[in-house]
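Chains here go by letter, A, B, C and D, matching the order in which they are written, and residues are numbered from 1 within each.
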Amino acid sequence: MISFQNATKYYENKPVLKNIDLSVSKGEMVFLTGPTGAGKSTLLKLLYASELPDEGEVTVGDFNIGRLRPAEIPLLRRSIGVVFQDFKLLENLTVYDNIALALRVRGRKEKDIKGLVLEILKNVHLRHKSDNYPLTLSGGEQQRVVIARAMVSEPSVLLADEPTGNLDPDTSKHVARLFYEANIHGTTILIATHNREMYKNTGKRVVRLENGVLLGEEIG
Amino acid sequence: MISFQNATKYYENKPVLKNIDLSVSKGEMVFLTGPTGAGKSTLLKLLYASELPDEGEVTVGDFNIGRLRPAEIPLLRRSIGVVFQDFKLLENLTVYDNIALALRVRGRKEKDIKGLVLEILKNVHLRHKSDNYPLTLSGGEQQRVVIARAMVSEPSVLLADEPTGNLDPDTSKHVARLFYEANIHGTTILIATHNREMYKNTGKRVVRLENGVLLGEEIG
Amino acid sequence: MEHLSYSTRTAFHSLMKEKWINLLSSLTVAASLLVSAMAIITIFNLENFTRTLPERFTMVVYLQDSVSPEDTQKLIGQLKNKDYVSGTKYISRDQALNEMKRTLKDVSNVLEGLDENPLSSSIELKLKKESVTAPAVKKISEELKKMPSVGDVYYEAKIAETVYLLKTSIENMSIIILCIISFVVLFVISSTVKILLYRRKTEIEIIKLLGATGGFIRAPFLIEGGVIGFFGGIFASIGATVFYYSLTTSFSAFMPILKTMVLPVEIVVLLPIAGLVMGVIGSLISVGRLRL
Amino acid sequence: MEHLSYSTRTAFHSLMKEKWINLLSSLTVAASLLVSAMAIITIFNLENFTRTLPERFTMVVYLQDSVSPEDTQKLIGQLKNKDYVSGTKYISRDQALNEMKRTLKDVSNVLEGLDENPLSSSIELKLKKESVTAPAVKKISEELKKMPSVGDVYYEAKIAETVYLLKTSIENMSIIILCIISFVVLFVISSTVKILLYRRKTEIEIIKLLGATGGFIRAPFLIEGGVIGFFGGIFASIGATVFYYSLTTSFSAFMPILKTMVLPVEIVVLLPIAGLVMGVIGSLISVGRLRL
C-alpha cells in the first residue's frame, strides 16, 4: 500500500530523509518513532504529496508521488486521512463543519454527512462541542477534532502525526483503540509518535528514524 | 507568589474552573495535571490575564488579576514567561527574532539581546536554526523555540502549558532539566502537563485538576 | 449541486462573519466603479455633444436682389437635391431685418433711420456630417456661387475646420480614456479581492491538503468576490445618479451645457453587473495567484 | 530609541515581505486621494471663476446728445468718486458705431444707408463686487438717472441677479463637497489600512501576550500606514498633474474655460503629506479598533 524505495528529501540543500526504504502492506499498522527533528513529519508529508521526494520512489496505492499529474493530487489526498501534528483546523468553521469538510471535499451528500459527523464526534467524546469554534477548545479537544476529521471519511490509509501529544494517558489509550478498530476494518495506518505507551506491547512494527536515516525496526 | 482564592471562571455560562484555592510560593515548582479539558490552560490563562476570573481572587506577585488597570497588564506579563500550548510563534519572524521579541518588549538593549538569544538557543539545541522561520521547523523544534522565548528574559514566574507534547523522551528530560535549573536560580514555576515522566520522582507538588475542580495534591 | 450549496453557504458565512471588512471592500470597489461611471457619463455626453457639432455649422447663401419667388423656390429645390445638404431654411429680407433688430436690442433705433430694407434674402444650409471639413466646405461654396440666382455664399471657415478636428480628437480620446479606466478599475477590484483573499492563504492551503479540487476551493471565493463586486456596483449606481443630478441641477446654473446632459440608464443597470463580473474576475485572478 | 529602531525595522520588514499587497494598498489610497485632488482642483478653479463673475457685470450710462466734452469729463469724475464704482470706460458715439459695424459683420453695409450716426456716447461702469446684487443695482441705476448729463442707464437685471446667486451657491457647495470628500477619503484610507491590519490580528494578540505596551505594538503599524499613505500621495500627485495637463491641453479645445484653469502647486506638494497623515490616522483608527 505504502512504499519508499531509496527515497531522499532535501530542505535547503540539506538531506532530511536519506535513502529511505520502507513498505507498509495493505491493512498493516506501523509506528514511526525517533527524536525530534528526525524527519518523521517529512516522511508523512511525502505520502500526501505536501512535499515531493527529490530522489527515489514513493508510492501510495496506485499513486506514484514523484510523478503525480496535478489533477491526481486531490484524488490521492481523498484516499488518505491525516492527523496533522499542527492540527490545521479552520478557525472560521465550527467543529462540525471542520469534520464535515473532509466529507464535502469527497463529494458526499449532505444528508449522509450529518450522521457520519455526529457518530465520529461521539467516538472522540466531543458530541457536546459540535457547534464550538476550534479556538474555544482545549488543546486535547482540538487534537481529537483533528483525529475525527481524519477518520470520518473512512479512508483506506490513515496517517497520524503525534496524535496524542496533547492528550492525557487515558484519552491516549482511547484514541489508540479507535485506530486499532479502524485497522481491524482494513485501514492501513502509519503513526508517528514519541509516545512509547502507544506502541508498547502491541505486537506491531515500530520503525525508528534518526537524523533522516531508518535505523531498522522492532516489534512493539 | 501565585495565589487563587475561591476563583471561578465561566465560559458561555458553564463553569470551567470552580472555587479554585491554590497557592505557589516564591521559588516553588508545581505541576498541574488532569485529563484533557479539565481547565489547566484556563487556570494558567488567568495568571497572565489572558482571561479574567469571574469570581474570587487571583494574584501574581503584587498584581491582583481581577483588578488590573489596563496599563498594568503589560507590566504583569513582562514579569512572566509563558510556554503556550499552541506555541503562538510569529510566522513572519525568524526564530531569532521571535525570541528577541520577548526582550524587546521588555525594553532590553539590542546589544544585550544578541548574546542572550544565542545563549538560550544553544541551551535548547537550536543554535543552527536561528535564521529559520517557524513554519520550516519540526513540531518539537517549534516547541523548543517557545520554551526559549519564555525563558530568555529570566522572568520571575514561568508558566508552561504542555511543554513536552511534541518532544521525544530524551529531549523532554533535557527541557525538564532547564526548568529545574531556572527553579534553582529562583524562578517560580507552574507546569501543566500530561507527561507523568516529568514529575515522577521529583519530590515536587503535583496538583490534580478534573472538570474544573482541584482534587487535591500529591508529591511527584 | 451539493457542492454548490456548500460553496454558497460557505461564501455567505464568511461574508457575514467579517461583514465590516467586506463592506469596506465593497465600498472600495464602489469608489473605483463610480470614478469610471462618472468618466463614462462625461464621455457619453461629450460624444453626444460632438455628434451635434456639425449641425452647428451653417452656410448662408445670399440671393441676388432681383430673384423672383419662383426662381427662389427653384433654387431651394436644387439645393435640397444636393447630396451634401441635409437641410435648408429660407429667410426673407424682412425676417432678416427683424432678426437684426432683435440682435441690436437697445440700440435698434439706429435702423429706424433707414428708408428701405438694405438686406438680402438668404437660404441657410445645414450640411451632412461628413461634408463639414475645411476642403469640402470650400469646394461646396465655390460650386454654389456659380449657381443662378445666388449672390454670395458666406460661412465661417474656421468653424468648419475646428468642428472636424474636435470631432475626431474627442472620439479618439474617449476610447483611450475608457481603456485606461477599465484597466484601472479591474486592477483596483482585483487587488481589493486579492487583499481580502490573502488573509485566507492558510485556509486555502488546509482545504487543499484535505483533497479539495481547485473548483471546490475557488467556488466560495468567486461567489464572495461576485457579491462584493455586485454591492460595490449598486453603491456606484447610487453615486452615479447623485453625481448626475447634482451636475444637472446645481452646477448647470453656471455651465448651461450641463443642462443638456444625459444619464444613460444602461449605466445604472450595468454597474452592478459590471461589479459582479469584475468581482468574479478579480477573485479568479487572485485565487489563481495563490497557485491552486 | 532602541524601541524606535525596532519599530522601523519591523515596519519595513513587513512592508517588503508583502510588497505587492502593500503596493496595491498604496494605489487604492492614491485613487481616493486623486479623486479628491481632482475635486479640489475643480473647486479651486470654480472659486477663481466666481470671483471674476461680478466683473462681468457692466452698467451702461448713455449721455444726453447735447453734453459738452467738459460736462462729460465732469460726469466721469463724479462717477469715479461713487463708492460703488470700481471702474469707468468712456465710449464715444463714433466708437459705438464702429463697434456695431464689427458686430454686424457681413451685413454691416446696412449702416451705410445712414446719413448721420444715430448712437449716443456712453460710459461703461464696473461695480464693486458687493454692489452686484439685484436691489443694489436697481437703486444705483435710479440714482444715476437723476444725475445731470445722463440720458439713460442700461443694465441686464437678470445678470445682476444670477451673478449674486451663483457666487453664493458655488461657495456653499464647494464647502459641502470638500467636507464630504475629506470624510470619504479618510474612510477609504483607514479601511484600506484596516483590511491590511486585520490579517495581523493574531500577530498583534501574540505580541500583547508577550507583554508589549500599546505604543510598542502600534508603532510599526503607524509607520507602515504612514509609508503606504505617503506613496499613495505621491502616486496621486502624479495623477493630479496628468489630469491637469490633459484637461488644459486636450480638453480645453472645446471648453475654452479650461484653458484658464490653474493647478495649485500646493496641492501637488500637500498630497503626499496628506497621504502620510491620513495613513497614520487610518492606522490609528484601525489599530484602535483591534482593542489594544
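Note that in this section a residue touches a chain if its C-beta (ideal position, glycine included) is under 8 Å from a C-beta of that chain, and two chains touch if they have at least 3 such contacts.
Not measured: the values here are computed from a predicted model.
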| item | value |
| --- | --- |
| Third chains touching both chain D and chain A | B, C |
| Maximum centroid distance from chain C, chain identifier (CA atoms) | B |
| Geometric centre distance via CA averages, chain D-chain B, whole Å | 63 |
| Gap in Å, rounded to a whole number, between the CA centres of chain C and chain B | 68 |
| Chain C-chain D separation of Cα centroids, rounded to whole Å | 25 |
| Residues of chain B whose C-beta touches two or more other chains | none |
| Numbers and ranges of chain C residues touching at least 2 other chains | none |
| Chain contact graph, described as a line, ring, star, complete graph or other shape | ring |
| All chain pairs that touch each other | A-B, A-C, B-D, C-D |
| List of chain B residues in touch with chain D within their complex | 48, 50, 71, 74-78, 80, 82, 84, 88-90, 92, 101-102, 104-110, 149 |
| Chain C contact footprint on chain D (complex, rising order) | 18, 21, 24-25, 27-28, 31-32, 35, 49-50, 96, 100, 103-104, 106-107, 109-116, 118-119, 154, 162, 165-166, 169-170, 173, 184, 187-188, 191-192, 194-196, 198-199, 250, 253-254 |
| Complex interface listing, chain B residues touching chain A | 11, 33-37, 40-41, 85-86, 136, 138-141, 144, 161-162, 165-171, 194, 196 |
| Contacting residues of chain D [partner chain B, same complex] | 2-3, 5-6, 13-14, 17, 203, 206-213, 216 |
